[in-house]
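In what comes next, chain A is part of two complexes: it sits with chain B in the first one and with chain C in the second one.
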Partner chain A sequence: MSALKRVQQWATFARIWHLYDAAWQNPFDSAQVIKKHLMGLHKPIYHTMSQCGDVVVVINSADIALPGDEWKKRVYFHHTGYPGGASWTLAWELHEKDPTMVLKKAVYNSMDGNIQRRYTMQRLLIFPDSNVPKDILENISNQLRPLRKVPKRLDHYPEKEVKEFPKIIDYPKDYIVK
Partner chain B sequence: MSNKLFLLPALVSAPSQNGVGRYVGQLQRVVLKFCKNNGSSRGMRDFIESGLVNFAKENPGVVVYLKPRRHRSPIIKAEYLNGDTQWMSVRNFPQEEILKWLTLLNTQAQCHNGQRLRRLWFTEHPSIQGPWTPYTFRDPSLNLVSFPIEELAQPKDLPKSSEEELLELFKKQKLQEVESKRAE
Partner chain C sequence: MVFTSVVNFVRSRGPDEFWRKRKVFRLAAAFQGRKRNCYSIAIRYVHRALVYATKGRKLKKIDMKNLFETRVQAACEQHNVGYATFREGLVRSDIMLNRKTLADLACWEPYTFKALTDIAQRKAVDDGLLDLKNADSLDSTITRGIITDSVKPK
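Right after this comes the complex of A and B.
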């Protein structure tokens, strides 16, 4: 292989680090996007036998939003292997113990159970908040758009903007604002 | 042994761009071994009588040897410029078929036994525009920013929210007020 072709190979199979903000996102829908980038399915050169997967760094996994009453109803099963070793953990309990676990399991379960899955999971880095170590942050060169709109709380708007917002109605004089 | 697993994968190749500008026949030597009595050599004997001289005249670059031997089945042994030797049994072959196989040996560049062609074409330059890289269709403005950035913090093509619509209406109303004042 000539020097030029070698460099071409490095460029084509360059591993990109993506950033994904999981705040206010459904982890099961997000898993489909994260999985796609972890496995390299978004690349035109994708092939099952070639290692073309990227790295995905997920931040704010503590702020994920499960749909409906899934926090109460979703159950994670574990068995130690010993008699009576079965345990069932609710999603909210698991999230309290480890705020990265729900998302991690969602991505893990979204992929086929083959040998490659463990190695693909090694390329997924999840952080419960936005504190990412500097050596990881400096590798990141792309950001994945979130799937759902991230709402903004009223107390996060600047005060001036809130005051100047057009008023539609005047409250009646005897109305008590809670 | 036609199982794919036992065959070595190979690409179509020509030695030192053979055929571009000039053609060098790659078959060096061919030995036809046959028996003078045995029935399995009949086609070979027919070919030697009727077609061999013609073949040798047409291909002056190929050395043709004949080797009669008693009570053995006929074979063709071909030797190529690259050192390959191909041995081929032509037992009970009619003379037409022997000529066909000889033509094949004459036109190929090496022995392809135990090989499997990965594809029926070969090119040094599979893509004119260059192979894809992750940077090919990338927005160059992303090269200088430090992540995370605000522009990619929301999904693409969001429908207009009621809040934005209200603000727009409010702006329009203000403009109209200013214009009506001017008119006065």
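Right after this comes the complex of A and C.
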């Protein structure tokens, strides 16, 4: 193998570190994207038996946005194995306990249950905020495109811009704004 | 019949029980434990293995098809083309390549594959399958349709 071919081989199978900002993203849609990069499904060299998956570092997992009323309706089941050991935790309760768990479970459940799944999950690093250790941060060389735009809240706009925003009508003088 | 040893000569005369069983033991040679030594157990597992082999011939084709599709999809995504658009564009351009060939090209000949995606995209835009914002980037790509359409009397 020539030196060029050898380097080509290294470059082909090099493990890339991707950054994904989960702020205001749907974790179940994001799981499909994250899973694709974790398993290496985005590479034309993909094979189930070859280790071609990348590392994904997810930040701001505390700010994920579940669709509809999923925070109240989605239930996570756990059983200790003992009689009466079943417990059901609502999504918002789980998120309060561990803000990385909802996203982690979404990615875990998006993959087929085989032996490889646990090792693939080891390549997923989730952080609740944007404080990422330096030794991890320096490996990152790519950022995954967020699936949807992060909306800007009304109270984050400057007051002047809100006041000067064009409006169709003025409220009547006796109208009480809640 | 050629006999390599006296033992085989003796065995060849009686009922063919030994040879019948030996055919099964040959198939069970790689099994573990009594599955490979005891005939009544071996025959069950050989039957099962042959059933798996029969089913596997079909499953292998399905598995390979899925693998090729995954690879081609991954390569299409790198060039921002949908898989369905890509295949439809190729068919309409009379480029009849199967999944295996496309996957091989995606893996080993990325520049050739890029050219194929360009052609497919060009054809898809021309036939109104695809509404591209930056279709100008495909202006340098010429498909057979462009030439014949421009020559055709209107």
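Please note the rule applied: the second predicted complex is superposed on the first by the 148 of 178 C-alpha atoms of A that agree within 3 Å, B and C clash if a C-alpha of one lies under 4 Å from a C-alpha of the other, contacts with A are read in each partner's own complex, and residues count from 1 in each chain.
The rule is simple: contacts are C-beta pairs under 8 Å (C-beta built on N, C-alpha and C of every residue); 3 or more make two chains touch, one makes a residue touch a chain.
What you are looking at is a predicted structure, and each value in this text was computed from that prediction instead of being measured.
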item: Three-chain arrangement built on chain A, chain B and chain C clash or fit; value: fit
item: First, second, both or neither for A:G84, with chain B first and chain C second; value: neither
item: Partner chain(s) touched by A:R145 [first = chain B, second = chain C, both, neither]; value: first
item: Partner chain in contact with A:L41 - chain B first, chain C second, else both or neither; value: second
item: Dominant toucher of chain A (residue count), chain B or chain C; value: B
item: Which of chain B and chain C A:G113 touches, first, second, both or neither; value: neither
item: Angle at chain A between chain B and chain C, C-alpha centres, nearest 10 degrees; value: 20
item: Partner chain in contact with A:I59 - chain B first, chain C second, else both or neither; value: first
item: Overlay on chain A, chain C to chain B nearest C-alpha distance, Å; value: 5
item: Touching both chain B and chain C, residues of chain A; value: 43-45
item: For the chain A and chain B complex, residues of the former touching the latter; value: 8, 11-12, 14, 16, 19, 21, 43-45, 59, 130, 137, 140-150, 165-166, 168
item: Touch list for chain A against partner chain C, complex; value: 41-48
item: Residues of chain C touching chain A in the complex; value: 67, 70-72, 74-75, 77-78, 103, 106-107, 110, 113
item: Interfacial residue positions of chain B with respect to chain A in the complex; value: 130-135, 142, 147-149, 152-156, 158, 166-167, 169-170
